[in-house]
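For clarity, chains are labelled A, B, C and D in written order, and residue numbers in each chain start from 1.
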Amino acid sequence: TSTPAEAPAGDKQAPAGEEQGGTDADADKPADKDGEVKVAFITQSLSNASQAYAWTQFQKYADDYGFTVTVFEEDYDAQNGVAAIGTCIAQGYTAICINPTDPSAMIPSFMEAQEAGIIVGMYSSEVPEGNEKYRDFMCGTDDYMAGEVAAQTLMEEFPDGVKVVQVGGQSGHSAQIKRNDGFVDTIKDTNITLLDSKDCGAWASEDAMAIMEDFIVAYGDEIQAVYCHWDVGATGCIEALKNAGMDDVYVIGVDGCSVGYDQVIEGTQALSIGQSFSQMTQDAFDNITKIMKGEDFDEVVWTKLDIVTKDTVNDFPYPEW
Amino acid sequence: MKRDISARFTRSLRNNLVLVGIIALIVVTAIIEPKFISSANLTNVMRQLWPLPFIALGMTFVIIGGFIDLSVVGMISLSGVVAASLINPLGQVGAILSGILLGGMMGYLNGFVLTTVGAMIQAEVLFITFGMSSIYTAIALLLTNAETLRIARSTKPYNIFTALGSGTVGMIPVVLIVFLVILVIMHLFYKKTLAGRSISLMGGNKEAAFLTGYNVKRSMRLVYTISGIMSGMGAVSLVSRVTTATATSGIGYETNAILCVVVGGTSLKGGKGSVIRTMLGVLLVVLLGNCMNLLGLSTFMQTVMRGAVLVIAIWLDNRREL
Amino acid sequence: MGENILVVKDVCKYFPGVTALDNVSIEVPRGIVYGIVGENGAGKSTLMKILSGVYEKDGGTVVFNGETIEHTTPIQALQRGLSIIYQEFNLVNSMTVGENIFLGRFKENRGMRGTHKKARELLDSIGSTINTYTMVGDLSASEMQMVEITKALSFDSKLIIMDEPSSSLTSEELKRLGIIINQLRDKGISIIYISHKLDEIFEYCDIVTILRDGRVIDTKPVGEYTRNEMIAKMVGRTIENEFPPRAHFVAEPLLEVRNLNTKKLKDINFTLHRGEILGLVGLVGAGRTEIIRALYGADKARGHKIFLRGKPVNIRNPKQAMRAGMGLVPEDRKHEGLILPFSVEGNITMASLEALTKYGIVNRAAERDIAKRQIDSLSIKTPTQTTKMISLSGGNQQKCIVGRWLEIEPDILILDEPTRGIDVGAKYEIYLLMNKIVESGGAIIMISSELPEVLNMSNRVLTICEGRITGEFKPEESSAEEIMERAIG
Amino acid sequence: MNIKIASQRVWGTISKQGAVLAILVLMIMMLFFKTNFYTAYNWLDMLRSAAILEIVAFGVTVAVICGGCDLSVGGTLSFGGIAAILLINIGFPIWLAIIIAVLGGAFVGFINGFLVVHQKTEPFIITLGMGMLLKGVCQVLTDAHPLPSKVPAFMEISNSKFFASIPSLVVYMVILFAAFHYLMRYTSFGRNCYAIGGNYEVAEYSGIKVIPTKWAAFIISGATAALAGVLLASRMNTGSSVYGDNTGMLVNCGVVIGGTSFAGGVGGIRESFIGLFVIQILINCMSMLGLDSYYQKLFEGILIVTIIGLDCFFRMRKRESV
């Protein structure tokens, strides 16, 4: 039997007082352990297809960068994320890429991780304003932007104003909250009227469908557009509209997954706002490499959102998830 | 004499609280929001029901038998995923049948595990089925990698699914007709057959049933199998309705189904209950959601209301027996 | 303060269908041992439970230590100085011996250590070596009894009631009990001592009261009784026509049981004949119920052989027992017999449903007929056939269970305490039913704690003591005294 | 001789508590892998991760020992944290906010106690409903947004370290463990709880005030859950309505896994600690080994079914033994 492996890198080398990882001083640090660079991907939930796909991207690019990658799942419970970061510290990980259920809840853990010399990267999500110092970088698109894009598209598409309903994701989840806030903040003082807005109990298309059906009863033909927080939920909305014989409603979904693409191609969904996880992952890996080498890096790397409509759908590779 | 009539009235009122609740709900909502009683909304409600009635139907048998089944979450998820993914290899009929069959098998497995380890009280059963649910969900996740399966992607025809999901005969959804047939069958099964009777005997008093020559363990496996089959059917109706399947689609149905059964007046102590009353419970719960949506109540308030209804329903049910 | 610690005057207690106590009066002086005897069901325990506040009395007065007591609760009784060792164990199995002795008095003893220390002292004082840290659930019945006694002693009591304290003691422990009783008497503490074992009564008691059917039959100093007189007064009944004439249809052997063993039973062998009523007699806890449950396949037993009509049969569960032609009316009506949320009809037809089922479907019309037939023939008093079982009286509930079996005409009907809690009239009807069954060629095994009932109804009686068959009698040819002697062991 | 007795005792503990066995198996298994499982940091970290749920479990254990069960702790947990942060954000001193939050939890427990103890309803279903209701309340309070604390000092409570390396949460857990252990083992309240759960009637006859005691057990359970919620909110610097989503089921499950039976009267704080810790160790081991989280779910389910199932099985064997 083996004796326990060497004590975690962070544990040994991080005296309590040390401040802030990710600077030049730490450059040599992670590589010391038989050259293995361990990167953790901490995600809200692997039951969520987008996150499961993002994880495949981590695995795909890990070899190119010489990383070993592991995934941790929060299962939509921030406590699990905190526990995962603890494990990463114990195991001496080099870097963490995290897409947390609740970013603000992670700040204390980020402090610890940095104390232990671990590179902390936000992935597809940003920390609350004013807390930027607790993470080393952020890659991807924030869900808030998805909401903004949805609102902007509506403004372009309906310059004379439009009546829209919003079908939210699971109540209380960061994606739902940000996609909502981005949208609501942007349409303020515009000629877009938000007729009604409701969240789901879970990320379940039947929930979205039920809400949409009730919207149809309540508002009927007034509804000109639907903003649904995720493409699979949009499927439910589309089914509800189909059943009600309302074919000309402008449906917006977020995710850019294959379901969304299909619907855009079929013409039932007008717009899917996609995120390129492969790009995001590469950006994150680039940043980690740069930080390890002590090179300059961009603290925030925005990944462009894919605006997938019938006209642009062929510009993007068909998503693998 | 007058006292007698009024006493009888209060008693029947108390015994039919669900009906009273439903009527009150309809009247109040109709006054505030006239759209509620429009035909569009009626169709709407008839569509929104699914798959809850199936799940609640299965759960009724488990609860009448004196147990509880939290594994419906996993069973719905796995059955749904399997049914959706088998359309291509097996064709739609095969897919539907295998979804239902798989549900039955999982249910039987639950019953088998429970009788083998001798879990005979509700609390033991509660946690073991909870664990089984995790197992089924995990398998569904492993099969799909959490991806959403769309039946529209299948190369084989899937018109039965479409018919179940959104087809109507006149105003009545196809799935409702299918369900009513099943409901009648299950009602007759419960009322008329020996197997049905032995379920409620088991729920009423396991020891007495055992001493009178009933095979309690077999009845136990039976109720779980029924719950499994109903979860399978529910999963198929769910997949048809939303045209997608995911490995987590069963979440929340366990509490909702228990809510419907209890609100319908089937006692958690087991032994007595009614399949039809459960349907009233389903109706009340779904109408409540629908009303709150139409009245513009926030999602949050709806959660509060559901919890309050559950607590009050159980409390009243309990008082009725005191 | 008089010289009597306890004066009970004209106390009555009624249970549905039963008069458990009928104007009972006793006076217990200080510093003596007061014996109460009487057959099973005479009302001894009921009287004690009224004194200790478990039951509410329906009439009469109780004066304890000069204080007239209207209402009392178990804890108030204890605080006044009246403690009781209940007939049924009154211990928490999942707690230690020490804690059980001082249950609810943790604080007074300054915590766990004090509790165990005091418990140790008390146990030592009665010469018991039970470890105070043992779980009560792991103790033997006799050790539990010692714990109960210790618990009663732990209160600063003026009167200690012992309701059959010796029923599960070993002879060694019994000797120690005698010493304890003498010690207590010397301290001026009174004891009410209830037992079926007359030797003990004669050895320990000063005054003895005989109860029968809830009435005081006689009270005098123990020296003035002879043993035979006492037994005669306990069992002697003069009420006419309480039992129908005994049936005499005994024919060829129907059932043979060989080497039935369980944890509690040792080598049970007996034969049951067609047309016979076989009575099992024994004290509470002797193992009668265990015999019939094992026989019926409800409990696991090992190594036994059962022959039915000369052929070996295998009975591993009640279903197989039913197929072999047996039926069981269990002793605990509520927990083992009835389905309370069900209707009268549903309860009656339970056992016959299989026969009424064709292609899995129960013939409801036939079911209703059956229920109607049984309700009529047993004259079960119920508003309607669909009335809920829970609203029937005990006797009528019992008749439903008997009716359940009558319908399928089993060859062998096992009746465990068939008349418990049932009034005289209903009892008589059940006796008639029993005779009818044997008349038509069936056989009955009957357990009853009421000796006269067994003796008058049975063709043959087996006495059971501590899991063994200790004797076989023909009631016509033997006296009740003889039989009781064997049952006591 | 002594060794024999000692080994018998060890074996007795193991066979009585499947969770201990499971922990041993996991610990031995981890010897064969090259991980940092066996480091002081990891163990402290595991303890810290487990701390919140453990604290909730201590309270729940009190209710379970009395023969109850409390599934509403998830809702109470969220509620406690949210209430504390709401109050702190509007300027209450931290200590006062914490006290009020804990009192709020106690009030929830009071209502549970009223329904379960006083009105004699089925505890698990009524507390399930209560949990749902509370979740709704939390959503209403926060608009379903996470609610960060505006006072930095609040965060210090759960995120500081004692003696340079021991996380404060671990210290709190140890203190509360000791307090609850003392309460249940060495006070008359605790012993009365065991008596009530062990045999309700006997407890009543022995002069124990059964209703107030059992009621108090629910109040303790609620207050503890709220306290844990405050600590969690401090740990996260945030209060949120989603924090308690899995807590109720998980904690009660852990308590049962530990060997505190729902029948009441047996088990204890130590057992519950182990029951929840085994889940934590399992998660930690699987994370260390980099196991896919779908497999984690699978193994969690298998663990629950196996341990509770074996428990039932041995109890059945004991009942039926010849």
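As a convention for this text, a contact is a pair of C-beta atoms (placed from the backbone, for glycine too) under 8 Å apart; a residue touches a chain by one contact, two chains touch by 3 or more.
Bear in mind the structure is a predicted one, so any value in this text is a computation, not a measurement.
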By C-beta contact count, C-D versus A-B, the higher one is A-B
Rounded to the nearest Å, the gap between Cα centres of subunit A and subunit B is 34
Distance between the CA centroids of subunit C and subunit D (whole Å) is 44
Cα centre of subunit B to Cα centre of subunit C, whole Å, reads 46
So, in whole Å, the Cα centroid of subunit B is separated from that of subunit D by 31
Residue numbers in subunit A touching two or more further chains are 46, 171, 199
Note: subunit B residues in touch with at least two other chains are 141, 269, 298-300, 303
Touching at least 2 other chains, the residues of subunit D are 139, 144, 294
Pairwise touch list, complete, is A-B, A-D, B-C, B-D, C-D
Seen from subunit A, its contact residues with subunit D in the complex are 1-2, 4-5, 7-8, 11, 16, 46, 70-73, 75-80, 82-84, 86-87, 89-92, 101-102, 104-108, 111, 128, 171-174, 176-177, 199
Residue positions on subunit B within touch of subunit C in the complex are 192-195, 197, 200-201, 204-205, 207-215, 267, 269, 271-272
Subunit C residues touching subunit D in their complex are 54, 73-75, 78-79, 90-95, 99, 103-107, 111-112, 261-263, 300-302
The subunit B residues in contact with subunit A across the complex are 33, 35, 38, 40-41, 44, 47-48, 50, 141, 145-148, 150, 152-153, 165-166, 238, 241-244, 246-249, 251-252, 289-290, 293-294, 296, 298-300, 303
Given the complex, residues on subunit D that touch subunit C span 185-188, 191-192, 194-195, 197-199, 202-208, 265-266, 320-322
